[in-house]
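First, the structure itself, so that you have it in front of you.
Letters are used for the chains, namely A, B, C and D, taken in the order the chains are written, and counting of residues starts over at 1 for each.
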Amino acid sequence: MMYETLRDECYEANLQLPKLGLVLFTFGNVSAADRDKAVFAIKPSGVPYDRLKPADIVIMDYDARVVDGSLRPSSDTKTHALLYKTWSDIGGITHTHSTYAVAWAQAGRDIPIFGTTHADHTHQDIPCAPVLTDAMIEGDYEHETGNQIFDVFRQKGLSYRETEMVLLQNHGPFTWGKTAEKSVYNAAVLEELARMAYLTLQINPETPRIKDTLRMKHYERKHGSNAYYGQGC
Amino acid sequence: MMYETLRDECYEANLQLPKLGLVLFTFGNVSAADRDKAVFAIKPSGVPYDRLKPADIVIMDYDARVVDGSLRPSSDTKTHALLYKTWSDIGGITHTHSTYAVAWAQAGRDIPIFGTTHADHTHQDIPCAPVLTDAMIEGDYEHETGNQIFDVFRQKGLSYRETEMVLLQNHGPFTWGKTAEKSVYNAAVLEELARMAYLTLQINPETPRIKDTLRMKHYERKHGSNAYYGQGC
Amino acid sequence: MMYETLRDECYEANLQLPKLGLVLFTFGNVSAADRDKAVFAIKPSGVPYDRLKPADIVIMDYDARVVDGSLRPSSDTKTHALLYKTWSDIGGITHTHSTYAVAWAQAGRDIPIFGTTHADHTHQDIPCAPVLTDAMIEGDYEHETGNQIFDVFRQKGLSYRETEMVLLQNHGPFTWGKTAEKSVYNAAVLEELARMAYLTLQINPETPRIKDTLRMKHYERKHGSNAYYGQGC
Amino acid sequence: MMYETLRDECYEANLQLPKLGLVLFTFGNVSAADRDKAVFAIKPSGVPYDRLKPADIVIMDYDARVVDGSLRPSSDTKTHALLYKTWSDIGGITHTHSTYAVAWAQAGRDIPIFGTTHADHTHQDIPCAPVLTDAMIEGDYEHETGNQIFDVFRQKGLSYRETEMVLLQNHGPFTWGKTAEKSVYNAAVLEELARMAYLTLQINPETPRIKDTLRMKHYERKHGSNAYYGQGC
């Protein structure tokens, strides 16, 4: 039972997706990393959440090779693997097709930072990585999806520690965090930010972004060195 | 108890409709075929889901004649019958008035293929069959509804094996599949695709369709000969 | 316990409103008539649904005088009374502030008949009665609300037997039917029609109404002399 | 157990927020005042609702100093304190990031009074206080948020007894009332009014406000000296 704890963590985080209304059927997956063992656990492909068991969870290494488990891992596994390999301090990744986040991804637009709900979580627009080139799609597609995420972060000068979420154009969102649970939390936050921004632009299509002082005030009061949000633990 | 298994299958699939939020009151029906016996089971007309019993399910042949059962079958039965008669390898059909699918049907528009959520299920726009001619409506209306579905598939060069869903203008969606359960799954997927496409166009009315390489990549990784989505069973 | 059955009927129908998502807090009321006794039962004013008891239900006559009960009846009671007095074969009335119906009422627009979901219930647009004159508002307001409903039906040549629902401009919907339960059913149908019509116009602002043949086909197959929808009972 | 009753009142009111769909995770807080003891109870910062216990509730004075409790109070505590200090007859305050209210706040728009659902609760537009100046944000931010609320009420000539709700631009809503429970009720009403006004303008962008007679009729029948809504207790 070498990976029992990791499988349980991954299993519990996956079950949060339907509870939070973030997935229809099997349209999502969560992984959880064990940095000491240099592996991650991920949902098997196409298994409905209501039939999923902890023992079904597949253990992978960061080069996307199966380490333990008898089922086929999520078809998006290579994207997870590359993110873990490159960003060495993240512990969990979530991919969903949640409705409003997908709508922004399909529209090919970054989600503008309009308010403090957004600034409480990141001080940047949520970036939408452009659709992959034909060569990337026809090559090692899921691996290249990871590269496309790095590219948009590099090009926009973003930090994956400050902005734990991204949209892939014509596809949907990926989120990450210190733990699998935190990556699911971020997936739910992203869906809500996507919905709020959508409604905001319907009310006033000319809405400007939140101003810098308020944006950084809210980000810093929760994440800065003098943060006073939460219980400091 | 000749049709007990078939009735149970039909009953269970019908109960999924309210659970998935696809129907208000009795606005929907699911049928299930037994190809060996050349019959199908269908929900009785106007019976609320919370009072429906397996024994209420009506058994029909493909010419829409009652084979077994004491209740009147769904008023849409002739459409089901013609689809089963013509498309010999489908095993289930679902008709709903789900909100977003009906909105597209009322607007008389195909649902454009904007993303991978859509391409995971079909590589084509969801077609909207034009409203029936007056002669068809005043003739054998529900039978002609089936013909109108065949017509739009023929005219657009679609395969009912690749695109398991259609809208009828001013009416709503029909979906089908290998089993009744799969046809209900498709009804839920269609409703979500309709909602995502709606939101996408509200964010960006000029949104182009997903490009060909990504469209076919996602369709093929789930449905192609080298598919690697799911557990291959 | 002279009115026990009537109170129970009214109580059960009122409890359907929160279950169907048609009310927030106390924003709605249902009444049920006993035509033999020439009275109706109605929800007391401002009592939350989760504290409501059958004994709280107030019994009124058609001139809006309390016949039995110790609580103050719904503030909309005079509207109910006038509808019962004038339309002698209705047995139940529902008033809600359901979200989409209110939005159409606030926008001051009839709900256009775009599809068969609508035509299955009435063959007409859902009328929006104009806002009352100042004299009506400052006079016997709730009684005049009933008169405003009669006026819009007269002016548009509608039958209350065929169109069991109306919007009051800047206010919200009233629905009715043979029984209290049917009036609640109509309130839920109206809310769904309002939502579908809203979405339809967002997708295509130029959407035409459903054509006459299809409109009457669906209305007649459910309500005509040769109706074949339902179990005929 | 000096503050046990107050903590319980605050705890129960906080638990209403997720039940009413007004918060995601910890995005909200409710406080309850004890005017005799000149203190208020408030939710601790960042504690999930499903782990919150009555003993976690923090007791504060009106200058935002901790009176009793071991956890750090909500980061918005100073706004609550200033409102209690200035408006001496309010007994509860609620702050949420509910979706539609936030959308209006992000769009920087007052919520127009379009119908009787709104007029039943206040006879004024819901004001949106302008974003704070940089000096206010970089100074004592949460305290200044309270001042910004007073400012918009003063400038628009509003009474906090008649309009128990406000939006803060780029942030979200605050509501208050005689009790903590009433402030939560107002938060739910505000969210529904925000949703109805949003939909109204989507249907008809030129919708005028409700006329004065109807506006005051509904407000007075519920809140005036001759009110006849509710049970008068």
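One rule holds in what follows: a residue touches a chain if its C-beta (ideal position, glycine included) is under 8 Å from a C-beta of that chain, and two chains touch if they have at least 3 such contacts.
Note that the structure is predicted; figures quoted are calculated from it, not measured.
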Would you identify the chain whose Cα-based centre sits farthest away from the centre of chain B?
-> D
Chain A and chain C: spacing of chain centres that average the CA atoms, whole Å | 46
Separation of mean Cα positions, chain D and chain C [Å, integer] | 33
On chain A, where are the residues touching two or more other chains?
-> 202
Classify the chain contact graph as line, ring, star, complete or other.
-> ring
Residues on chain B engaged by chain A in the complex (per definition of touch) = 114-117, 185, 188-189, 192, 195-197, 199-200, 202-204, 207, 210-211, 213-214, 217, 221-222, 228-232
Per the touch rule above, chain D residues touching chain A in the complex are 24-25, 27, 44-47, 71-72, 75, 97, 99-100, 102-109, 131-132, 134, 137-138, 141, 170-172, 198, 201-202
